[in-house]
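A, B, C and D are the chain letters, set down in written order, and residue numbers restart from 1 in every chain.
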Amino acid sequence: MNLSLLIVLPLFTAVIILFCKGFKQVRAVALAGSLAQLAAAGWLLMQYLNERNAGNKSVMLFEEKYNWFRNLHIDYHIGVDGISIAMILLTASVVVAGILVSWTMDKLSKEFFFLLVLLSMGAYGFFISLDLFTLFFFLEVAVIPKFLLIGIWGSGKKEYSAMKLALMLMGGSALVFIGLMGIYFQTGSFDLLQASQSHLPVEAQKFFFPFAFLGFGIFAALFPFHTWVPDGHASAPTAASMFLAGISMKLGGYGCLRVATFLMPDAAHQYAWIIILLATIAIIYGAFATMMQTDLKYINAYSSVSHCGFVILGIGMMNQTSINGAVLQMVSHGLMTALFFAAIGMIYSRTHTRMVAQLGGLLKVMPFISTLFVIAGLCSLGLPGFSGFIAEMTVFMGSWQNPDGWYRFATILSCASIVVTAVYILRAAGKTVMGPIPPEYNSLPDAAWNEKLAAIVLVAGIVLVGVAPFLLNQLITPGTENMMMQIGKAITQK
Amino acid sequence: MANYSYIPWIPLLPLICFVVLGIFGRKHIGNASGIIGTLSLAVSAVLSLIAADQYFFVDGKLNGVYQKITAFKYVWLEFAPNLSIDISIVLDPVSVMMLVVVTFVSLMVHLFSLGYMKGEERFATYYAFLSLFTFSMLGLVMAGNLFQVYMFWELVGVSSFLLIGYYFEKPSAVAASKKAFIVTRFADLGFLIGILIMAFYGKTLDISTLIQKLTAVQSAEYTGMATAGFLGVSVLTWGLTLVFVGGAGKSAMFPLHIWLPDAMEGPTPVSALIHAATMVVAGVYLVARLFPVYSIDAAALTVVTWTGAFSALLAAVIACTQTDIKRVLAYSTMSQIGYMMFALGVARQGGEEGLGYMASMFHLFTHAFFKSLLFLGAGAVIHMVHSNEMKDMGGLRKQMPVTHFAFLVGCMAIAGVPLLSGFFSKEEILLAAWHSNKLVYGVALFTAALTAFYMFRLYFSIFWNKDAQAHHADKHGEGTMSMKLPLIILSILAIGAGYIPFSHFITSDGSVLETHTDIVFSVAPVVLSLLAIALAASLYRKQNDKPDKIAKAFGGLYKAASRKFYMDELYLFITKKILFPFVGQPIAWIDRNIVDGLMNGLASATASVSAVIKGLQSGKVQAYALYFFGGVAALAVLFIYLWK
Amino acid sequence: MNSVPISHILFVSTALFCIGMFGLFTRRNMITMLMSVELMLNSVNINFVAFNKYLYPGKLDGIFFTIFIITIAAAEAAVAIAIIINLYRSHQSIDVEDATEMKF
Amino acid sequence: MVTDLLLLLKQELLVAVILFLLLFLKLGRDRSNESTLNLVNVLLFLNVAAGFLGAKDGELFSGMFHTNALITAEKNILNLAAWLISLQAYAWLRTHRHVIEFYLLLLGSLMGMFFMISSGNLLMFYLGLEMSTIPLAAVANFDLEKRQSSEAAMKMIISSAFSSALLLLGISFVYGISGSISFAEIGAGISTEPLHILAFLLLVSGFAFKISAVPFHLWTADVYEGAPVGVTAFLSVVSKGAVLFVFVSTLYTVFKPIAPLWYNVLFVLSLATIISGNLFALRQQNIKRFLAFSSIAQVGFILVGMSGSSQAGMASVIFFILVYVFSNLAAFGVVSVVSAVAGKESIDDYKGFYQTNPFLSWILTIALFSLAGVPPTAGFFGKFFLLMAGTAKGNYWLIAIAAVNMVVSFYYYLRIVKAIFMDQNETPVAAITVPVTVKFSLYLCTIGIILVGLISWIYDTIFSLSSGL
């Protein structure tokens, strides 16, 4: 199929939104657009599976390549493999959910939905581009909408958070930029596949890998550059939080994998211990920090730090299984955390507080929302049947395959985090949805149709991945295998 | 291989039931959901009976040895070539036995709940959770893959969490459910790492393959695990011990038992199902599944033995001092599971050595019936009295004859009174202990006596002690037929289950093991039990002050025991006083102030620098000209003299 | 005539330039500052003429340049004085120190 | 011969014709400002359009004046910028007494720039430079009754006089060294002896003064703040652009022999410029002054690109100037309207701006994003290409510092966006009715901002015109 559709659709939607009259039209258009994206993503999946079943073994499918800036060897080059498709599906579903959740956002609705759609466009573009320039282009496209979404529609100390987020992410992309420059001038092209073929000299890799990896790492909340996550998520409006945690943190993980590790495997292998160290710190530290939070959004934000640590850990361990796990974790965390934020948003919109201490017994008055909350919680503490379990176990299994004693230690620590996770999730759930209900909440309504729909989209994803992981696994495995061929070379040379 | 294609329906029916009730139950189905749940479970109970019949009597045996039959297998999540989570259904004597036990007890509980839970607001939800639990438990017992075990392990954990927290508006219930989940989760961490070790060295997650590989002594995997060591202990021992830790958590072995008593916050039928008959024996079951592997590693088995023995004793002692009837039962459960554990611990693979294994399974089987019977009886009592405390009871035998009879049967069975089921299984255990380790035997014997004592203390103080008070004359009397029926059925089983020639069906190596109960041996335990019962009778049959005197006499010990030897306080201290203030809060603080402070510091530093240098822009045009010239001069110096 | 070596002339021009620059840096009166600039320009003129006369007598580039410099200096001075007058209207002073409203 | 002359001098002659027309207008009976302004805008548009017709390479006056496709393109860019500025000045000038004088001075300076760009020797270059500077000083004073305006003009004329004195000293040295003032010949004689370096540095300081590179930038902020917005726009875009064109071509052709030297000079200058530009921009309260410092930082980035000293280097510089014309003029356009109508020039006045003026807010926001270099605006492409060209030398630390500074620059651009969209304000600037011409120019700028980057043939054509070392 024509991949550019994934960029054109949101763009088109955004333009129409600009010419819409009134709040109802705007949201209708936005929803229609997002559904179209979802449909396109689904269709893409079908096409992809057909191609693969037809025995198409090429690394990337549906490639398109046009010269863009001839003299600088910058092309418009797009294509997908299983990993990108998984990410695209994730994005599409989160976008639909996000727009549904913000169905009643009537403050500056036109701008709001415009920015949401723009953000989604950035994500799609990022995931499908095979040219580092376009990749970087879309990476940055996605930053500004976040800034405005948080700053305008946010709550709390929103300006501060928005500024912090924008600056840290821009810092990240500045580092990425240097990495890209290095790759470009070492391999003479921005083309990802070409660059992966022409093997960078190890010295150059050792210089540029940290830039690229840290740069993307900031997007993926790599310790100690994760501090934009709590503030940003906490201040953002619900949909924006969902997009931030569900999509844009994945840009980072994807970049770490697809650009940094894939193109500079030798350096990645040499620096693996640092990556793993940081990831383990993030996991444990994030978990404990979460345990101390009192604001639901902060709880989820810090737990995101901890969970994205698994992604980094999986990448750092550098074997087939662990990288599979990293990708699975990205998808899983995307869906799960989006659901979590959606639930929190629904609760907040009714009770007007996110403080755990002030909530209680919501299961009595809003069973649906509370169930969502519990589902999200259980998924995040890795309950079988939900996606979280699959992803984390794959990461653990993969990490354990790494015979080095210290890596074993790191793995054990990371495993220990599942206990801490259980602690904070249950504390939050126990206080929020269970226990005696404060009288003032006794007459609160349960979820409205749009909220239910949004939730169902996400829960469906979570459960599908959790109950039939083999589907997703088969989808991503060819991609990861192809990466492992690169990385494996590097490792065996040592 | 014979046709077992209907087997998957046994777990699937409850699952479907859960989904349907969970989604539509509350709004659309309502009170009918109880019936639906019960019926669907009845079907799977029947199916499992058929399966048992087919397996044990038709085609389970292959030249005299019961085979493992894989009824269903699907590669669910492939980590790496031949390292994958398979969803599989494996039939072997143990799993079939568990199949029957689970479905049957669960059925009884479903039935009982029809009356017990009548009029609850979240009636449908309750049945949904029950179905979920049944499904998970069935998946657990039939699992053929270590990781599959872990998955369903977690699932039973969560369904127990949900059911304990069923009365979610009671803070105590919420706390108990959290405690149960977190403590078991902590244990599961051990299990998980154990699995990782096993998988890495055994190069497989499939249980039977793993057993094959590791029991073949010259195999690369075995030598690998036996030789590779950590902290001077072989990896094999580490793996097995860690797996056992998981089991200990679920089976409430010391020191991970603290969640079990609190779990009694859940509805009593739930306690009967989950915290007496099925889930809590999962640990025993797990060890039994991996028994061939355990049996080649003495160290791990020693751990199992002593954990079991100590838990049995400790629980029994505590049980003597509790006043909440459900807690007494909870501790007795813990104690009985301790029995099963050390029975496994003293056993070895194959032949006479395998007696303990058989005994343990046997006890598991009988215990399931009489313990659930006891719980349901207690449930009936509580249903009537609306209290768990002994002091609110007494003299109930008139009002509730059926319950009285059932409870008595249960007590006698667990106390090991001859000719009841408990007697036979316990005898086997004691025998096994006697053959392998006299000290364990002593502990077991003493515990048996204690068991008899506290059970009859319970019995007498419920049904005799004082005379009936007025408030007991409750309108809904002893409860509906649906509550009495299970009691009766279970009583029959509690009596009869012992006469099954268990050793013909379930042994460590699948071949028949001839057992003989010699009277001489069983004299000691029986006499002790009877004495204990007599003592209990003398103390509690009529109201008197002897118990308090005795309590005084024991003094500190009694107090410590009644406070459960301060285990809860210890845990609370570790979490609330050490973990939160000394790990959690510092990290949270560091994150806000140091890590984040760095980021903000960068910004403010830049700002201050710009404030410092603002003087350059003095607004005096002459100064500008001066700087201009200075710039030229500086560049000239730099490039003419310094930077050639 | 030729007895004067070029170095002398260059010395003069350099001195002139420095004097001009010194004046520009130190004098407060804008008109004086303007004059100082003129001094600097003239020193450059001397340079041009000297180079032309001594080193490259063949062509007249230097001389021409000088003429243009003089012209432009005049224009510059005209505009500058106009501006200064206008500034005097608003500030009632032509002290450069008084015209430092905009800074930092 | 005559046709040659006409063709080669086409753009200069056009400007001259307009100048004369305006003179006659001035002498003739006075007419309403509106009609005059409309007429001028039409004329300027014709001027822009005509610039694209019938270009021809060649030289005149024995090499003093030369022109080629690249130079024509550069002049077109300047024409375009001048036209846009005049469109935007509408709001300010329609009430002004001396409209025509304003244009006389402005166009005079523009013509000076044209000659400077086409200059084939130092004399012509000097003439063009002065001819472009002196009228600007006068026009900086165009708000005759404003104290700040005249202060700005004074600072500008004195500083520029001083700088041209140093420049002339440098020229005289060059003349002394090489015995010639034509670019073609002085290149041969120049080497890295101390005197040569000094002469070169003096020349560079002349350029650096005009493009306001640190430490020769100090006049910039004050003048930008004091001068009328239209003039500020002209200063920051047109005159800066013109000098940059000359600077890059001079370095790449005339001073080719000492390329290693001027690479280091550019290295130092660019770092100093970026850093101090950013540091000062951080703390500004007046939006014009803020834009002044931001433009200084931009120049720093341009110098980075220039240091690439390859064909891509020159192309990226010229491309960025084009981008910069659109971005900066969009920003100045909004600022000028606001200051002309509401008389507000402080950043705090922009708080809650979006509530009352969504259109202007969006334009300003897009412009700022383009200046900050956020995709999909052209600014992103411009910055990317500049840094890319700079990296070609393999000096990654330079790029690293530049990239970090991009983050800093982000902060202050976003600060204004924050003020516009997020900050609460009881009394935001009242809703402004934007004159149609201004609106038109703003639309043009926005379209430019969005399309110039995405449509690659623009860059490709510039690339094909430009040349490396």
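To be clear about the criterion, a residue touches a chain if its C-beta (ideal position, glycine included) is under 8 Å from a C-beta of that chain, and two chains touch if they have at least 3 such contacts.
Here the structure is a predicted model, which means the values were calculated and not measured.
Participant: Can you check which chain pair, A-B or B-D, has more C-beta pairs in contact?
Facilitator: If we tally the contacting C-beta pairs, A-B comes out ahead.
Participant: Hey, which chain is the most central one here, using CA centres?
Facilitator: Of the chains present, the most centrally placed is A.
Participant: Where the centres are mean C-alpha positions, what is the separation of subunit A from subunit B, in Å?
Facilitator: Averaging C-alpha atoms per chain gives centres 36 Å apart.
Participant: Whole-Å distance, subunit B centre to subunit D centre, using C-alpha means?
Facilitator: Distance between chain centres, rounded to whole Å: 77 Å.
Participant: Please tell me the distance, in whole Å, between the geometric centres of subunit A and subunit D computed from their C-alpha atoms.
Facilitator: Centres of subunit A and subunit D (C-alpha means) sit 42 Å apart.
Participant: Please report how many Å separate the Cα centroid of subunit C from that of subunit D, as a whole number.
Facilitator: Roughly 27 Å, centre to centre.
Participant: Where in subunit B do residues touch two or more other chains at once?
Facilitator: Correct list: 603, 614, 617, 619, 621, 625, 629.
Participant: Would you give the residues of subunit A that are in contact with at least 2 other chains, written as numbers and ranges?
Facilitator: Where subunit A meets two or more other chains at a single residue, that happens at 167.
Participant: In subunit D, which residues are in touch with two or more of the other chains?
Facilitator: Each of 154-155, 158, 162, 221-222, 283, 411 in subunit D touches at least two other chains.
Participant: Every touching chain pair, please?
Facilitator: A-B, A-D, B-C, B-D, C-D
Participant: Can you tell me which positions in subunit D touch subunit B when the two form their complex?
Facilitator: Per the touch definition, subunit D meets subunit B at residues 154-155, 158-159, 162-163, 166, 194, 197-198, 201-202, 204-205, 208-209, 214-216, 218-219, 221-222, 261, 264-265, 268, 276, 279-280, 282-283, 408, 411.
Participant: What residues of subunit D sit close enough to touch subunit C in their complex?
Facilitator: Subunit D residues touching subunit C: 122-123, 126-127, 130, 134-135, 137-138, 141, 144-148, 150-155, 157-158, 161-162, 164-165, 168-169, 171-173, 175-176, 179-181, 221-222, 225-226, 283, 289.
Participant: Where on subunit C does subunit D make contact in their complex?
Facilitator: Residues in contact with subunit D: 17, 20, 24, 30, 33-34, 37, 40-41, 43-44, 47-48, 51-52, 55-56, 59, 61-62, 64-65, 68-69, 72, 75-76, 79-80, 82-84, 86-87, 89-91, 96, 99-104.
Participant: Using the touch definition up top, name the residues of subunit D that touch subunit A in the complex.
Facilitator: Those residues of subunit D that touch subunit A are 311-312, 315, 369, 374-376, 380, 384-385, 387-388, 391-392, 394, 396, 399-400, 403-404, 406-407, 410-411, 414-415, 417-418, 421-423, 456, 459-460, 463.
Participant: In the complex formed with subunit D, which residues of subunit B make contact?
Facilitator: Against subunit D, subunit B makes touches at 603, 606-607, 609-611, 613-614, 616-617, 619, 621, 623-625, 627-632, 634-636, 638-640, 643.
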